[in-house]
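The chains carry the letters A, B, C, D, E, F, G and H, assigned in the order they are written, with residues numbered from 1 in each.
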């Protein structure tokens, strides 16, 4: 079966952040595809990627970009598949504000599901949540992941107690 | 059949913005449920709403709130259903920045799919896009909607030409 | 002769601001064309507009949009003609910051000549300045315009003196 | 006697900042408890912590978190004990703005006493000030602390004079 | 008995916002005193107010001011009583950012418990929460207030249902 | 005697704000001159104004402008007389941030004494403070003004008491 | 033949960023001139540079500066040649906001074509685009550059595939 | 003769920035005094410093502070001597915004002459400019300093030319 989730980013320099989305999806046993597509340098490639996405079987596209980040919005312009946007704090970014606002503030008619600055891992989880609506196996793994996050906090609470901080709650 | 999309908001004063999500969904013939849930004033109600969402058959929750907007994130804390967050520019908001940042900047593990400030209509479209992954009827309506948006722009181009502006492109 | 300057905007609601560009160009006896092109709703139309611009004889494209404003940058992606971007403070904008940053912060390789928020008139002047590099008639009109601005300030100085404010400089 | 002040934080990574609150309280001979509670990962733990706080004898809760920081506000949702919020500039924060706004901008009915970014030490002092309203020993220590701060400034003034800067005031 | 809570503000123009603190306190049957004290125009009056606060029996001071708001911080400089700061969005304010930052960002040693922009009502509730630590009557009223807020939300949920929105949750 | 203080502004539309500087100076019996000088439209006029300022007897120049406000800084570039800059929140301004930053953030070597957004009255007072260093009559009036401000606050305190607010301090 | 493009900057410390403009122009076989001109320290030099630019044959001026950056706007005040402004994030800058706003927000009548923060390379490309309007050789090189950018993205896509990421699109 | 300029700062950690003011004044052969005064930790010391300033012969006070910086404004509250405020980007500052806004945005009646973030050197020059109004020796040195700045730029222009950059202007 072809990939269900496509991860695209504007430049190879976004890979350090964006590979987090792939890592998370693999935790839920979803193997995404991942490639480079630039809205400004390869608008033709972008159009083909977005237009073919549905027939290729993609259910979700995760798109990350920095600065005046047009990639997520322009992919969303060409498809009805949900697009998750990841604002990347690239070197040419103004503290990330440009990436955030140019992904988040999409006009009426063309939504992008925006996650936190550099939040590629959460983008991966969100994609899994969408797939899980019709895949009980992924749903189960997401429930387990939620449990595990809960456990990590409790483990941390123990660590902190072991450091000598008073704790009469636990 | 029970509702597939739940729309919740922190206070009745958010209704003017948030009903836009319902209006859009109805365009795609999805009848959402809509109610008031406050993270800060009714944390118990919030928990029950979020915990029961999946078994009640909800596929997507759209949550809107203003100021220090904790509603979308706290619902996402309790469920694996995708949560779409709508930052509302309420009267007690600082130009909307507080709503945006407290919905968007969710930590690792608990994503919220954030849309534009007051972007409830786009939240409705995004919810429809998620449902359309397994509903060809909604998918068809979304494609038609996209066509229609395209038509509106072309109609606007004609209007502007009729106002007397030169246009040798069309 | 076909138009030398094309003015495009994302929606008819931008016309109030963007017609300022046309008004200025007419002052320099340049009759621009003006139409509606949306990056998100009509990406195909955008591509054709940008791709054909050079062969149609356009020398400059002025593109205005609000919110996550992708129009100027996406036109620039498709052409080597200079693109002047006008951030529009539309109703769905966050005080204009989103429009400014998503037009200004273009990545390496694809510049957009950005002017002030709602600065469509200055976009018109800038377009005229570019045309004037090879058109002495426009150049003369720009020089006269500059003189006239100087005169207006001196006239204002007289008005203020006539209101009774002391002025021993003039 | 059980602890009078509870210090909680969203993750172990906040400890470096948040232990400052404990250090200050110990200066006033108040031994706080300190543990990890996450609004998003352990909403159940949060609820129990907040609900039991009063009966366990806590008088003040200091809660620190970064990013979309919901911990202080959600604790305040469950208790009438004063909650002091510490915005933490975590690695996933946008210069701290997200932490500040999502703690400070609480809606009507549920206040959080917010201190400066990374201001955990001041949170500790503020907690001591509240306890001091009914504890003359702590009040005395706070008065001494204030005197000491005054002394430190005067000491600094001497240091600077000794470096050779002119000072005819002291 | 003298007042337990003192409400001060920098100018009479802050009264519209700041009287909200008094209104809330009266709901909990605490009658505060309220007057005008300006850090910049009456530094002497400020000092006397702050220095005498404790001996006059005040337990909490609520201080509101706009622009470069020094009132809360300067009162805190002179007393060990908890000071709650209310950033007021006055006419000379830059969207409230100046008020917020000059109250919130207090240096080490002198905390101010800051609430939301124009959040005088929450300042009143916070003051009541502090008093309630040693006053079971106020504590009871705060619990009742919390219940009431919960009821209001549920009432809103009914209103919205009566407007015809689907709701199968309630 | 010629004027001691020159007030200049970039456009007649700044007069509503900037006349505040003149009004304040007249309270201290200093009659300023006031005129229009634009950095961008009349750079020649600006240069002459700044260059002649000292020989014409000006002691202080107050310069107000909005948007990318270059007037105060460019006057300061041409003279060693102190220049007070007033950021004006003009219609083309982004909430005043552009005016503030382009006046305040002057590089090494060319200071501008910046006052608050629209703070023309304070600019007038500051100019009077500078003149008062060598004019005991103005100094006396400034002391009286300070007293008067103190009185106004005390008067406000009485007004508020008369409205029925408890006040056992005064 | 004299230079067609003049690159100026406020201080030698801007050279690291601003030489990017020269590098890009050389790629298009345009040899620019480059020198230091300060609006605040050498207003006379600025005026002569700008006034002589047209007769010296310059077609475009690229001006870069940081902080309260008046250089681009003041050059534009003196000439009708297009001025491209480069906001430089200098050491005395507030995250670049001051440079951006004091270059971008030019008033009516005097446009500056602003590019991204530190976007000197894009300024070089934009200058080449303007020259290319009447120089088919530069136009050809710009088209080739655009192709090359497209190739680089496709090369990156291959690199990423070679790293082992799934990619069934290419 | 006693010092004419007093430099004060909130903490010894501000010295690295603030000594720049002293260095500049010494260039103009003005020997300032310099000491530590904290608005929040030593409000009494602040009051005495400000109140005695005039009788001690001070003509200007330069005050620097970071975070919620109340020092310049509170000194200005107590004296009619011009106060120059230096926003310091201290470690507890939010990118300097808090320092800037809490110094700049002073209310009606109490101006502070604010300079750029960390602009202590410019504060020194501004103080010298004020003294120069009645001291021709300082005035002469300021004129020479201005010339020298001009020379430095021209020297830089030569350096850059020597690096091999084309320059047919000089």
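Assume contacts are C-beta pairs under 8 Å (C-beta built on N, C-alpha and C of every residue); 3 or more make two chains touch, one makes a residue touch a chain.
No experiment lies behind these values; they were computed from the predicted model shown.
Asker: Quick one: which chains contact chain C and chain E both?
Answerer: Common neighbours, chain C/chain E: B, F.
Asker: So if I look at the partners of chain B and the partners of chain D, which chains show up in both lists?
Answerer: A, E
Asker: Over half of the interface residue numbers used by both chain C and chain F, so same, or under half, so different?
Answerer: different
Asker: If you match contact pairs by residue number, which of F-G, C-F or F-H shares over half of them with B-D?
Answerer: F-G
Asker: What rotation angle, rounded to the nearest 5 degrees, superposes the C-alpha atoms of chain F onto those of its identical copy chain H?
Answerer: A turn of 180 degrees brings the C-alpha atoms of chain F onto chain H.
Asker: Tell me, please, which chain's centre (mean of its C-alpha atoms) is farthest from the centre of chain E?
Answerer: That would be chain G.
Asker: Nearest whole angstrom, what separates the Cα centre of chain E from the Cα centre of chain H?
Answerer: Result: the chain centres lie 36 Å from each other.
Asker: Between chain D and chain G, what is the separation of their C-alpha centroids in Å?
Answerer: It comes to 48 Å between the two C-alpha centres.
Asker: Between chain A and chain G, what is the separation of their C-alpha centroids in Å?
Answerer: The answer is 34 Å.
Asker: Take the average of all CA coordinates in chain A, do the same for chain F, and state the distance between these two points in whole angstrom.
Answerer: 51
Asker: Where in chain G do residues touch two or more of the other chains?
Answerer: If we look for residues of chain G contacting two or more partner chains, we find 11, 41, 67-68, 92, 94-95, 97, 100, 104-110, 116-117, 119, 146, 149.
Asker: Can you list every touching chain pair?
Answerer: A-B, A-C, A-D, A-G, B-C, B-D, B-E, C-F, C-G, D-E, D-H, E-F, E-H, F-G, F-H, G-H
Asker: Please name which positions on chain D make contact with chain H in the complex.
Answerer: 95-97, 100, 116-119, 146, 149-150, 152-154, 156-157, 159-161, 165-170
Asker: Spell out the residues on chain G that touch chain F in their complex, using ranges where they run on.
Answerer: Those residues of chain G that touch chain F are 10-11, 39-41, 43, 47, 66-70, 73-74, 76-78, 92-94, 97-98, 101-110.
Asker: Contact residues on chain D for chain E in the complex?
Answerer: Residues 59, 80-82, 84, 100, 104-117, 119, 121-123, 125-126, 129-130, 132-134, 139, 142-143, 145-146, 149.
Asker: Tell me, which parts of chain G touch chain H in their complex?
Answerer: By the definition above, chain G touches chain H via 2-3, 6, 11-12, 15, 19, 22, 31-38, 41-42, 44-45, 49, 52, 56, 67-68, 92, 94-95.
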